[in-house]
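Think of it as A, B, C and D in the order they're written, each chain with its own count starting at 1.
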């Protein structure tokens, strides 16, 4: 199947380019009867949108979403929901010089080798701008998961370049432009970013996201394991190079005696599993951590080649995020929500009448502490 | 769609349980006209099979594969290829006590919460034994990729519990039971495993795999990025908790000026990207690293609960791998091959007639050195 | 997977309702490098659009299509193409009385029983208006099939209610409002429709469509046979109740000696197969015939029930086609094109390198005569 | 996606060739907890199996089914169910002469043009023998539909070549080798077949099948309409050339005033719709009629060409059904069941929590009379 559709039952088909007339998506398979309007979606888009601080791209997009279908008198009808976001602040001339050369670390080269041509304006389809429709679709998923199952999401920046960001409280995430669960170190992060921007360079980041209140039983044994689908979703976000569930790479040096989370009558004793065992949710928090690479569009001149294979030097102007990780938290939360609603529906399809003789553990033994730690 | 099928054009549907009569898979969509027999598949199964050293499970399975369909007079016909592997060395009584309780870190609990019942014999469907059909299907994929595109695969253990395994040469991988690209430290690894086994405990591992000779252009912009599908495939292998492409989590502390691989007239100057940019292959080695958790079936007694929610203690007898990572290398290679053949066919479908005006880089600028390092 | 996506490699995701702000579709998987603009699509939409004669609905929609993505400097980029058609002539008040009752023969009742609510304005999602995006997507498919493979399409009305419409020439199809391949009987058809409209009633129709120049080898043995996918596509058009390939139901009374089309050195001697054998194209014309039921929205009063199950009488006002079959020809051609491009890409994916040792028959032994007769 | 998988949530992947070692299928997505053993499946296979009368192929296959996975202690576990049927009575030498030539009306030619090679033994993959796994999977679907929803199936032969077979009672269907719902005309049918066989010829047939007790609400608006998926399923059965739902082609000459089934407080007044409106089930019987072409493998000599394109004459020996329609009834019932279970699960996925404020009609207003008439 073609690549631009995410999910099997709650399906999101994404379209658009950074500097085309519009971006958007079609959400097919949404359960009927849920109240929905643009007001449910816009706040999530606003969390992600550019131009909100000096540390992100200065492109000014309102990212105003319009629902074109699938809602009647304020309720979902069960038919496809088309979300449309018009692009309004394109400056395509900024990108003219990119057409003939390739930015190191950018998809310029691979698109050209795949398709034989590419839309160079603002990165075209490879732009992180295309995460906006994901966030829009994710807002629909989050609403349904919250209303039907009490599932909620959280996320925050855990590292910015060389700086680890200590977890203080999720309450702080909305108070700073970095989505840091921290109040003490914000000035340090701002200074770091200011210096980086002056140097014409970019940096990587690490993000933790979690889903709370997921019931046990969502997922499939193989291959569509819940964690496999989460890995697919996360690695599919622009610039992500690594994904961990639960203790992630930390499990390499753990022992079976310590890694396996003991089941006690009042819940699991720990959550090294990150809420997934054998591809199926345990009822604990789903915890995920991702690595985001440094932006490839930077001002610093770098050696490259042109389309004829001749050596050249690339400098990228235009407006870019010096760290795409800064705005990645709501995107990762949205993708996690899309995976979960899909598996919620899949589980209801196959196991909608399963009754568990005895339910040994509280519905969700939600552990306190750092999401995705 | 149901979960047991992998791939969109080269589709592998996996079936079976650890202690049922047989395991296997149906491979649909294989191109016609390729010479194929059991002799092409058995060697890969033999690399994975249990019972070959004292460091893995002592279950003795020949893992003899039978081709039931899709091959006529030694050539693939283009119709589904069914691979059948009979189970021969089940000892289901070993697992009797597991039915009523749940091993910490095991899928026992989640299967029961999903389906309301489970096959407890040898882990049933959640057993790592089900990776055998993946390896079988992967052998078909590898053959086609090699013959049609010159693609080859390599992989090795890079860490065993606390012990990092230095890369010496890929030549050593077949010479030791650990798939270590190393000759100097094998005695140390053996001693480590002997001690672990005596302690009734288990450990994690880290594996690196790579594909060499992949042409540029395979993959999709979103969501079915080549790296997203690789992450899905890897996280879908039993016990995997983390996946990295290229520099992986290392990219968090890299800068744009160093992470972006410069394009020079004679090829890329480095491979931080791990062979994928914007979800599409660059022509460089595809490099992947995965984290594998410690086996959850261990002899050491651990607190747990029974089906009535009452506290109990679990000890696991039966035959188990003290480190499932030891046999994971051929599995990860197989899954990588399955992702690549699927994208090779998808690329041919959409872009089979694309001509690149000028091809600036050598077909594959294969970098020397450690695969997936 | 959710239901609003058609095709596996050339995927069309349809959205919208009759009286919502817009209808449209996302076409994913289109090969890159094809010249494309609205001017390639609009003529097909114009063939289908309402209000063009007194024999069809008087709703006046320009059906002006806008390409929102996937095209750069006049060429397809290989990324999703979003087609948007704004609704402009809604008169939703016409349908107010339908909300509480159910038209016999209409989807009113089933939508309500499925979703628990429905958009009653103009039939909402069940309106034949939703065939416009199919026709738009079909225009893209037709262009690619013509340019890459020389495939063309034809179609015409073969029966209107009680009146069989003799085939005279395909040249006449564009000259009358009925898509009849006939010049002699048009006045008779007009009189028939005028009388029907006066009576407040509606009638059925039969349409024949054909694809010419399809190369042999497209299709799959099972289940995704070329003819099975055609049947799915045709039965999916609003109001279709029957589908035939080749001699269709006529084959019941044929013998093996007469039905089987002899292969002669200069081509097939006949085409009872309708261009498909064993689910795979033969190289002959693909011929299809469909039955379209009478419109269910008619002025004549009929017994029905309201939402409380109480008896009532339904009369339908608003603007409707007295025979939806009249405008069905371009829709059926479009759906046939969508099936064929999908199988063209699928065939290239799996068999792109197959060489036929000897090709016994001319590439297409195109038979003269009545398409789908 | 590749072609050999049927269904989206209850997925059946078919494999095997007529004269290979085995045929079978993998059923993925079956709900857990249903009692299931070979004894539930074998009777349906026995209804379809060859060699049971002189009017069908004399190949003697026991069609003994073995469940290889997905069942534990007599209950489905929710994991893939592999059904295996060993071929036992192959006589491949019978088909030696077919390798170099092409039977008129057979898939010989198209397979060769698609794949460049083919398995000629018994028709290979194109053999009607591959309907056995469909029937096996259908038996599982039927059991679930019956137990969960009270859905039942019926079917019968309505025409054999030139002879229309009047409906007398469904009770007669199991009493004669033709699946005729008739007792009076059996001798006539036998004489007709005896003569045909002597003449070395074959004939077509028409079959009616129905599903009883289907609740309203199953299906999708577009494209995966319930009737569209039924058409796909039926046209995918070997030799089918036409499909009708409800009044089918009869609707062409019906009027809106007569075709639309009136809703009365005690149920629908008629069933021209065949139980589907707008792609969604109404709660009435689902009625389907299919046309099956004459067998292409006949003794009578016919003109054809060889692989070099030279004229030749083809006579088919081996064992064949002189009318494949005779054994088609259980196959069509099975395919209908597979469509319905898939839509039952899809409906539960999306609408599992929908409550209908008032249910105006009795759950199923089952009409008396001829199924699919």
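Quick note on the criterion: a residue touches a chain if its C-beta (ideal position, glycine included) is under 8 Å from a C-beta of that chain, and two chains touch if they have at least 3 such contacts.
The structure displayed is predicted, hence computed values, not measured ones.
Trainee: Higher C-beta contact count, A-B or A-C?
Mentor: A-B
Trainee: What chain is the most remote from chain D, judged by the mean position of CA atoms in each chain?
Mentor: Comparing chain centres, A lies farthest from chain D.
Trainee: How many Å are there between the centre of chain A and the centre of chain C, using C-alpha atoms for each centre?
Mentor: 39
Trainee: Report the inter-centroid distance (CA atoms only) between chain B and chain C in whole Å.
Mentor: Each chain's C-alpha centroid was found; their separation is 45 Å.
Trainee: Hey, how far is the Cα centre of chain A from the one of chain B, in Å?
Mentor: A distance of 25 Å separates the two centres.
Trainee: Could you pull out the residues of chain A that touch at least 2 other chains?
Mentor: In chain A, residues 1-5, 8-9, 14, 29, 32-33, 78-79, 114-116, 125, 221, 346, 350-351, 354 touch at least two other chains, as defined above.
Trainee: In the complex, go through chain D and note every residue touching chain A.
Mentor: Spelled out, the residues of chain D in touch with chain A are 1, 8-9, 29-33, 78-79, 148, 221, 345-346, 348-354.
Trainee: State the interface residues of chain A toward chain C in the complex, per the touch definition above.
Mentor: 1-5, 8-11, 13-17, 20-24, 26, 28-29, 32-33, 66, 68-70, 72, 75, 77-82, 84, 114-119, 121, 124-125
Trainee: Going by the contact rule set out above, which residues of chain C touch chain D in the complex?
Mentor: Chain C residues touching chain D: 1-6, 8, 14, 102-107, 109-116, 125-126, 130, 159, 161-162, 201-206, 216-225, 227-236, 241-257, 259-265, 269, 272-274, 276-283, 291-296, 298, 300, 302-311, 346-347, 350-351, 354-361.
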